[in-house]
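First the structure, in the form of structure tokens, and then the observations on it.
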Amino acid sequence: MQYGDTGWIGVTVTLLLVTFILGNIFRAKKGKDLYIRRIAGLNAIDEAIGRATEMGKPVLMVPGLGALNAISMQALLIFAHVARTAAKFGTPIRLCCADAAVYTVAQELIRDVYASEGLADRYDMDSVRFISDRQFAFAGGVSGIILREQTAAAFFLGEFYAESMIFAETANSVGAIQVAGSTEKTQTPFFIAACDYVLIGDEFYAASAYLNREPVLVGSLIGQDWSKVAIMATILLGALMNSIEMRGTTVFERKDGVLQPIAERPMKIADTTFTHLFKPQRNPEEDAKIEREKDPKFDAGAGEGGGE
Amino acid sequence: METPVTPPAMGFAEKLMSVKRHTLYLLLIVATSVPTFFSITLPNKPDQPSIDFFTTVMALPEGSTILIETDWTKSTRGDSMGQMQALLRILMRHNIKFAIYSTADPAAPQVARDTIGRVSEERRAKGERPYVRWEDWVDLGYFPNSEATNNAIATNIRKAFAGKTEVPGVGQPATDVFRSPVLSHIQKVGDMPLLLVVTASKTFDIIVERLYGKVPLAAMVTGVMGPESTVYYASGQMVGLCVGLKGALDIERMMESGVNNPPDKPVVVNKKNPEVVPGFPGDDNEGNGKAYYPTLHLALTLMILAVIIGNIGMVLTRKGAKS
Amino acid sequence: MNYPLFKLTLGVIATVGLYTVLWKENKFYRFWEHAFLGLAAGWSLVALWTESLKSVWWDKMVGVTAEGGGVDTPGFWPYVLLLPIGLMGYFVFSKKHNWLSRVPIGIIIGLWSGQQVQVWWNRYGPQINGTLKPILPTGDGFFVPDTTGMTPEEAAAVAGNLYVSQAITNLIFIATVLCVLSYFLFSFDFKNRFIRGMTVSGRWLLMVGFGAIFGSTVMMRFTLLIDRMYFVWIEWLRDTVLRIGG
Amino acid sequence: MNGFFAQVIPPSPFNAPNGSAELWTRLVIALLLGVAAVVALMKAPVSVRKPVVAVSTFCAGLYWVVFFLWPRPVNRLPGDMPSGLVDGVGFWLEDANPIVGNLSNVLSAFLLGLGIYSLLRIHGMRVIKGHKDAFFSAVLLLGILAMGVFGYWDWLDKMSPTGPSLALEANWAFQNRVRDFLFDGLLQEMDAGMFSLIAFYILSAAYRAFRIRSIEATLLLATAFIVMLSFMGLVTGLLDGVIDGIKGTADPGFLDNFKLTEIAKWLRATVETPSLRGIDFGIGIGALAMGLRLWLSLEKTAVSS
């Protein structure tokens, strides 16, 4: 089997991580009370909603600019938790979407929340809105809502880009409590500057496990930790091995995936075992030997038909 | 700016701590407006990523074809247009053909074409050979799905851009781009010496994920994408990187002075590679980089002052509280 | 009033309109905000077909008869099945059948999720490899000697060596990655002093990283503002309205 | 089987020439079958709902997983035919790649209507009910209409045989101009305008938040300052000048490491890059885990609950 692109190592590592995660999920399903460290931003959620309830002003939720994927999904799951609390207190909510597919899920999800709380009648489908799928139109629209409705609490969780600063600072100007978290590390510093509580990096992914200690989520969280530990170990081991190897000399050099003898010289990083492992090379000559019969209809001149 | 509009009750320290946002906004508008009317030259020392970018582009063999993914629109004109302009000037002076495509925004090809047109026009004005579409460059257009497009380019570039046509000249029928002088010799993406991304969004992530190892990659990114893309530059997944206005300015300066040039007393030193790269001294190498740099100074100064003042205020009030 | 001037002027007015929100939310801003949202939505409707469905769906489904020597593309009829699947999403407002909307959603999510498995290594493998920096010095001397005036051989030798200062830098690099990673370990309750120290310093190192991001981002944000000002003062006022040197 | 996704080598049961009768018959039949399937699902008992969603999610994700695990055909040149089964599947996966890559785009494109519906609903109601912001809602609706109409009108022109001539502004008709005005003159300018607003917000946020209260805030502030200053050629010029003054410009030496540009470079290369990498590893694994949970419907979500 030829793994032309990744080499066997890539496949192996990926599968290892997958096993860690799934393995722990199924392990945790057996149900043990598992530890998760404190995440400040998430304890603030109820406080923020409480504040909004006192002031009788709406709670704003923005799942970011991203299309429908795990990130916006995760954001919506956290918002479901927020919406549940808000529903109990009868606090009005505003959920502003920048993607129609996300909007669809949000409608479904939030309606479910209200229904499951037996408050279906309280649910106003206009509280979940599609604003615009164009970044700055979205930014303009949301800050318009923040300013006009004077939202008392704001949750910005998901994939945020430049607009993060517009939201955070506008919400701050109306004195809203803000909980923010973005998988976009470039935006995190701005949230840190303007928001009260910030989820950094994959604290965001840990959130739902932290909020509702479901075995599946907690298990997966443990699996993620194992994976991180594995990476840390690899880095330690690799760095040490590279250091030791590079103190020595080599009489081989890898050219096109083949080790060729050379005059003895000090090791370079490119000669180390780990580099060979991580950067598999294919031998173009060997590859060129693989020949296939041509399709008679093929016209070398033009681009091929069926430009998928 | 130590004189904000605040109720007289406040002490000096409190005043420093509570400058109204509107005051700051006003000051910023002034700071960014006034200098635009003047042309000032400020010292600047190119960064290594920019140097690598410049030398990589300068080293491209004459007449070769490179692929450019251009993913910026008017909204990031300030950063990207200066970069693209500098890039195009170099490419055109070295007769390097290029094919552009976009995956971020439907409006991206338009701004790219405008920029190419402008640079080509300035060549015509100088009596140099203008860059001709179809002969020297082709526009492959906009592709809505960045992942799919770059995956396709990685697996089979001819299929990725199949069916794209251009009009070779007045009165001629639209023709398959792969029959153009630009792309006729390209069978796979590896046949190109470089794939360049001029982007204001995360599209270079996708490029690296899908195309790393298939073709050398270099990027011109907006200041905000800088830190993220630096990760790829550091890990060697990108051969060159030009970040933000500073990057554009770096390139402009190197176009003027060259790298390790003159050898005896170089203006710009490339620590990685002693090879001498002459620039285009005397040619018009200046662009947005030079035009905006002084204003940037003023704006940054304002910001730094604001922060310092705030902190002084805080320290003073603390002292007051203690005594 | 000629078209370019008209176009630029309206552009300037719109920009100013949006800027007024800096003072406070007002009717002028509200007008431009809603105009903005309207135009954006309209454009999305146009782009929906012209930039997206036409090329990635319709043309694929019915095929293309290529001009100019291109190869004809036959139609690939299974694409039509996407229509009913996609339209299932519209059941979301139905009381009875809203679950159907979960099918297209599920497919979109599934596609994204599967791809994570595919791209993980391409993206992080090289980064892990890039982190494996040597931390034991091979060259004697603390600092990298200056190579100017050396023969290429000597220079190469220097470049090949790892001096103490570089080794320390590499050590810090690796330590940073490890500390930051340890900060993101959620399920371990660390009793060990050392590891606690790691996680705390991890958070501090993150702040250093964020500071750097902030610094470089500020440059870009200001550049955009400067560009706007350039647009208003130079391109519009000086070159178009007053026609000075334009 | 190679012919399945590969549109390159017609005829295959799955593709037919552009405009041919057989293509259209197959198209219509497929559509009808699709609609029938939807109706069937509507009639289906509650018990099948969850499996249906779970299975469709799983199958969608499965492609990419297989694509990752299956050996790639090596040295495949345009026009090649597969040499064996493994190779054939490899070809199949490669050819399917762009198609599958587009699926989610097409599907989410179909959903856009829901978003627009939400807009029309909210703002239409306001106009009808005479809400205090009715006028602005009307402006919004008008915007949609105008951009929609002229956008398509202009596009049809560009698609027409005379389309290429529109590259020249001189050949523009009324509708092309209006569209250019709405899109290029207003929409794009407002994009840029809104974007540039951020500079103001950054300034006020920095002024308010960047106080040396805690170690963290101080570190953030300090690094931000160093990096910002390193962008200011004037400052770096001066400071570097001072250092050169101390040690003399003649030969680069130890003190050079303390030039602002060097410090900033060192910080970014030695602390920023690795710390970002650290976050990245975390996020990457988080996404992978979340992906797996969603793919296998292990998570209670709107998709599988």
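A, B, C and D are the chain letters, set down in written order, and residue numbers restart from 1 in every chain.
Following the convention adopted for this analysis, a contact is a pair of C-beta atoms (placed from the backbone, for glycine too) under 8 Å apart; a residue touches a chain by one contact, two chains touch by 3 or more.
Owing to the predicted nature of the structure, the values given are computational and were not obtained by experimental measurement.
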Common touching chains of chain C and chain A: B, D
Chain ID, smallest distance between chain and overall C-alpha centroids: C
Pair with more cross-chain C-beta pairs in contact, given C-D and A-D: C-D
For chain C paired with chain D, centre-to-centre distance based on mean C-alpha positions, whole Å: 9
CA centroid of chain B to CA centroid of chain C, Å: 14
Centroid distance [mean C-alpha coordinates] between chain B and chain A, Å: 27
For chain B, residues contacting two or more additional chains: 21, 25, 28, 32, 75-78, 144-145, 147, 152, 156, 158-160, 162-163, 174, 176, 179, 224, 227-228, 231, 234, 246, 296, 299-300, 303
Shared-contact residues (touching 2 or more other chains) in chain C: 18, 21-22, 30, 33, 36-37, 39-41, 43-44, 50, 52, 56, 60, 64, 66, 69-74, 76, 89, 92, 102, 104-105, 108-109, 112-113, 115-117, 120, 122-123, 126-129, 131, 174, 177-178, 181, 184, 206, 209-214, 216-219, 221-222, 224-225, 227-228
Overlap residues in chain D, where contacts from two or more other chains coincide: 7-8, 15, 68, 76-78, 97-99, 102, 104-105, 107-108, 111-116, 119, 183-184, 187, 189-192, 194-200, 202, 204, 206, 208, 210, 220-221, 224-225, 228, 231, 268-269, 272-273, 276-282, 287-288, 290-292, 294, 302-303
Contacting residues of chain B [partner chain D, same complex]: 19, 21, 24-25, 28, 32, 42-45, 47-48, 73-78, 107, 110, 144-145, 147-149, 151-152, 155-156, 158-160, 167, 174, 187, 227-228, 230-231, 234, 246, 293, 296-297, 299-304, 306-307, 309-311, 314-315
Chain C to chain B touching residues, read off their complex: 22-23, 47, 50-52, 55-56, 64, 66-71, 73, 115, 119, 122-123, 126-127, 129-130, 147, 152, 155, 209, 212-213, 216-230, 233-234, 238
Residue ranges of chain C touching chain D (in the complex, touch as defined): 3, 6-8, 10-12, 14-15, 18-19, 21-22, 30-46, 48-50, 52-53, 56-57, 60-65, 72-90, 92, 97, 99-100, 102-118, 120, 123-124, 127-128, 131, 143, 146, 148, 169, 172-174, 176-181, 183-184, 202-219, 221-222, 224-225, 227-228, 231
Chain A residues within the chain B interface of the complex: 5, 135-136, 161-162, 173, 185-186, 301-308
In the complex, chain A residues that touch chain D: 1-6, 11, 14, 17-18, 21-22, 25, 67-68, 70-71, 73-74, 76-77, 97, 99-101, 103-105, 108-109, 112, 126, 128-130, 133-137, 139-140, 162, 165-166, 168-170, 172, 183, 185, 189-190, 192-194, 200-202, 204-206, 214, 216-217, 220-221, 223-224, 227-228, 231, 282, 287-288, 290, 292-295, 297-298, 300, 304-306, 308
